[in-house]
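Shared between the two complexes below is chain A, which has chain B as its partner in the first and chain C in the second.
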Partner chain A sequence: MANVSATDITKIFGGTSVLNSVSLDVRDGEFLTLVGPSGCGKSTLLRIIAGLERQNFGSIAIDGKAVDAVRPKMRNVAMVFQSYALYPYMTAEENIALPLVMRKLTAWQRLPLIGSWMPGARARRAEIAREVQDVANALGLGPLLSRKPSQMSGGQRQRVALGRAMVRHPDVFLMDEPLSNLDAKLRVQMREEITGLHRRLGATFIYVTHDQAEAMTMSDRVAVMKSGDILQLASPQQVYSDPENIEVAKFIGSPQINLIPSIVNEKAELEIFDMKVAGILPASIRPGMSVTIGLRPEALKLALDDSSDGLLAHVTYVESLGSDSYIHAKLVDRTTAVIARATPAEAATIGNGTRVRLRFSPKEALIFSDNGERLRSNNCLPILRKVGG
Partner chain B sequence: MIAARAHHGSAALRHVVLIASSLFILMPFVWMVSLSIKSPQEAFQQTISLIPSVFYGHENYQRAFVDVPLLRFMGNGLLICISVLVIQLAIAAPSAYALAKLEFRGRDAIFAMVLVGLLIPHQVLAIPLFILFNKIGILNSYASLILPGVISPFGIFLLRQFFKAVPDDLIHAARLDGLSELSIVWRIMVPSSMSAVIAFSILSVVSRWNDLFLPLIFIQDQQLLTPPAGIMLFRSEEAGNSYGPLMAAATLIVAPLLIAFLIAQRRFIEGLTVSGLK
Partner chain C sequence: MMAISTFSNQRALQKYNTRDTISAYALVGPSLVLLICLLIGPSLAVFAISVTNWQFGAQSFSFIGLQNFRELFDDRVFLSSLSNTFIYVAVVVPSVLGLGLFVALAIESRKEFQAFYRAVHFLPVMATLAAMAIAWEALLHPTIGLVTRLAVQLGLGSWNFLHDPRLVLATLCVIGVWQHLGYAMVLFLAGLKAIPSDLYQAAEIDGVDHPLDRLRYVTLPMLGPVIMFLLIVITLKALETFDTVAVLTQGGPENASELLLHTLYVESFQFFRTGYGAAMTVVFLLIVIAIIFLQAKVLDKRVHYS
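Presenting the complex of A and B:
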């Protein structure tokens, strides 16, 4: 078992920096997810940890030892690729066996035809076959072992790829979007299987995805990346409810967080269109500053009563998902779009064009400065007032 | 209806053209086989007929083996073709892998040199090679027939095009699975590009089996001749009346190639068409 640490990793491709001095500490046995939009450098970081790509600066250590000069096969990490990367002309069994064949047999014993006559080769081959069988049983691959990858479904190939990674009992599993080619239902099922595998094996998992739902449900900790930087590294709950900056807030959560422009007035109150919120700003904020308020869809409560306080909005679309409904609406400036979560009962009373009030508890408002930094509020009780009230 | 008929018309025309051109190409072969079963008198008759009036094949084919050591020539040819092919692949596959998948300084320049190598006809090198082989004393030996052409720019080029299409992830997976770079070539790249390897093998064997140029220049000893050079011996024999045996020998020489090609036909065509697209 092993912890993995990356220190100040910088990677430059043809003059542009793809990773900007990224540092990351993955604890022994942890399930850590790298999440971020396409092209932010997740796969590159994973390949550098595996030793498949060389960083320009910085250092990787596994189990406390620097491995920068160590070749991939000696790092004792296994990787599952987005494309599965199964050897197309080998059967599932041969695919899973190859890492063991390369490690346990000598070059002579590996030779075709005459190899099996070399001393000791048969015993070793039998041992390998047993281990492959164990892995295949654990993954429910038994009946598929003699098939080639082209004769298997996406989910089955995925399992073979997992099997090939598991068979050598690596300390660290690196998984690069292993579920992205599967259909929605299978993906949910495989999520469970992979987390189950992690629990059983107790190995360190570094998992890449651009699907924030995967990141939220599977991980011990999530590292949110953007343009070659790690923006925040924290538990899934924390990156959701306590994001460090606006990019993290925007990336995590579906539907996306509502972002509403606002201005600080002379009394250090927040003015959001016709609404004023006092007491949630840090003292350092000066009047006249513009900030952005972030509100999760479930933080917005629907109120039909026109006289009550809250943000005035016009409903543009009601999206019903069965258990929940999402109310899409435009605020009074007619450009700021927001989404509120409602129960189906609430949603039934609303149609396109309905005027509603969206209320929220100021505690749940996340405040971001113009450059995207999170501004944490003071602890004093907020006071809500209507303009002119 | 009209469209359908026009379609049929153009399909028929296409077939007529294809059949005519293939007959045109096949004719010399058919003529060769026909001559190989005719008697000498009939071979020199003015009238054209494909089927002989008396079947004389038995005598001709027997003389093909008796007059010259045809089996010996074919053995020589086989030995040379296989040696050349094995060395060509042993050199071309790793080179192609390096050119397709490894990053190193000067890669593009080296690939440009390979392309230039494609353009040089091997006859141009005959005189320098003759002098060189003479100096190191391997004229008139198997080595003098094998060594020219063991580095095949075409093989390197063809395999490189195919290797480029192998996904990087496959190579990454192989590196993690513990394969050395050479194992990656032989265990991953070559099996993934089998059609190209087969296509190249056929082209290489055919051109070397049929080659008349190298044996004529480098070989004096009759025992070392390859089949095409060997059957030249029929010509120098007394009067020119041994056409029958000559054609019989020629038929026997072409037969193994035809059989090999028919067996590997599908993969061969795959190999060449895919490379044409890239």
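Presenting the complex of A and C:
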């Protein structure tokens, strides 16, 4: 068991900075997910933690000890790759056994042909076989042990890769998009299996994905990354409902959050097209400033056109998912597209071109400044604070 | 109504099937004809001639059974040619594979001058060996050759690489290795490029981080198909070595550099003992087939094809 901490990690590839002084503390036994669009540096950070890549600046510590000069195999981490990276010429059993073979057998005992005649080799081999069997049983791989990866399905290969990681009881599991090569149904199933595994083993998991659904469903905490920075590190619920940054709000949540431009008027009210909202702005915000309002699809409530409040919108498309319906609409400027969640009963009353009002409770509105910072009603704009003294 | 339509469907289906069969034969046909004319026919002819006493240009010949073969195994030239060929293959093939892999790994490990080193090592493969053999002859000349003079300068004594019966086969082996090295290297380089880097990284985390361990647990198994292919091709090329012998030594001195293909050529086309030459060819063919079969049988099971 171990905590992992990365301090001011900077990585530069050929002149471009991939990680900009990133710091991250992963608690002992935590399931932490690094999530972000491709190219955000999440995999690089994971590989630096594994020791496969060396950072230009900064330090990695595992269990309180700096490991910057420690080779990957001595860091006591295991890694699961997106491609599984199984040895295709070895059976599942040999794949799972290799980490143990390399650790428990001496170079003499590993020699081909004569290795098994070296003193102690047979006992060690038997011990390894037992441990491999235990891991295989735990993962339901028992009957597949003699197969090669090419004779297995994607899900089975995934399990072998997990087995190879588990077999030597590492302190930290590093997973680099392990589910992205699986089909949708299997992905959901493996999601459960991996979280179950995390609970059983109690080890620290650092999980990289670009799939926000995986991040939301599996993790204790989520680190949302973009362009080499961690934008927010918080619980899944918090990054969803309380994002610190417009990029986080945009990345987390499907369908995407609705972003509506708005202006602050003289009376310190928000003017969103023909609608005015008062009382949700930070005290220090200046009139005339433009801000962006973020509203989750479920925050928008459908009302008919004749009701007095809400944003006027034209329905462009009704998307029915059975349990829910998503109403796609354009606001009065005819360019701002929004999506509202509705019950099938509500959706049944409207069609393309219907004029509706979209109502929302002001406290569900997330307000972002022009540079993407979140403006909370009880604190003030960082920039304004600087200007003010 | 139903029955009739099913029946006519069946008819249509049958017609399509017949048409498929015809087009299949039409497509296979040309290569089958070529195969028979160029490969199977001549091979059968060689088998037929090998049991006769035909001499090239002779008006008549007679069937003499296995006489030629009996004579072969009393023929000192043939026997030393046979053993020389085995030695030659046994030295050249492992050396080419080993050195080829070594050079490929060395080139692959450095980013600088990769193209240059690749080209330099590949040059002998593209050059005409008969011409190159003359260059070798100049290098190895007993009095004015560069290599010989260098040996003298270094105090290693005077060597007569091409005319000393104890040295000549070894010299041919070295030239053979030089000749095929580039080919093996290029294929190994391609094979190395095809190994996903994920695999090396997974191995590193699993504890495979000594270069020799990496070679054993990742590189060599992943190169299995390339090694298999090279083993067969280089064995064939080594078995049919002819140019160097013909240009440099003509099999001498004292038959010490006689290789099968050269012996066969001398018997058939210089002494015009066509029947005897054909018998030699049959033995040669059987050896080739046996070796390839053995390699395929033993190795194919251990090679992983992805």
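In this section, the second predicted complex is superposed on the first by the 376 of 389 C-alpha atoms of A that agree within 3 Å, B and C clash if a C-alpha of one lies under 4 Å from a C-alpha of the other, contacts with A are read in each partner's own complex, and residues count from 1 in each chain.
Quick note on the criterion: a contact is a pair of C-beta atoms (placed from the backbone, for glycine too) under 8 Å apart; a residue touches a chain by one contact, two chains touch by 3 or more.
Every value quoted in this text rests on a predicted model; they were computed, and no experiment measured them.
After superposition on chain A, the partners chain B and chain C are seen to clash. Within the superposed three-chain model, A:52 lies in touch with chain B and with chain C [touch as defined at top]. By the touch criterion stated above, A:88 is placed in contact with chain B and with chain C alike.
In the superposition on chain A, A:102 contacts both chain B and chain C. After overlaying the two complexes on the shared chain, residue contacts for A:122 are found with neither chain B nor chain C. Of the two partner chains placed by superposition, chain B and chain C are both touched by A:73.
In the superposed pair of complexes, A:355 makes contact with neither chain B nor chain C. By the document's definition of touching, neither partner reaches A:169: not chain B, not chain C.
Chain A residues in contact with chain B (one complex) as well as with chain C (other complex) are 47, 50, 52, 71-73, 77-79, 81, 83, 85-89, 98-99, 102-103, 164. Those residues of chain A that touch chain B in the complex are listed here as 47, 50, 52, 71-73, 77-79, 81-83, 85-89, 98-99, 102-103, 164. Contacts from chain B toward chain A in the complex involve residues 167, 169-170, 172-179, 183, 188, 191-192, 194. Residues of chain C touching chain A in their complex: 196, 198-199, 201-209, 213, 217-218, 221-222, 224, 304, 306. Taken in their complex, chain A has these residues touching chain C: 47, 50-52, 71-73, 77-79, 81, 83, 85-90, 98-99, 102-103, 148, 150, 164.
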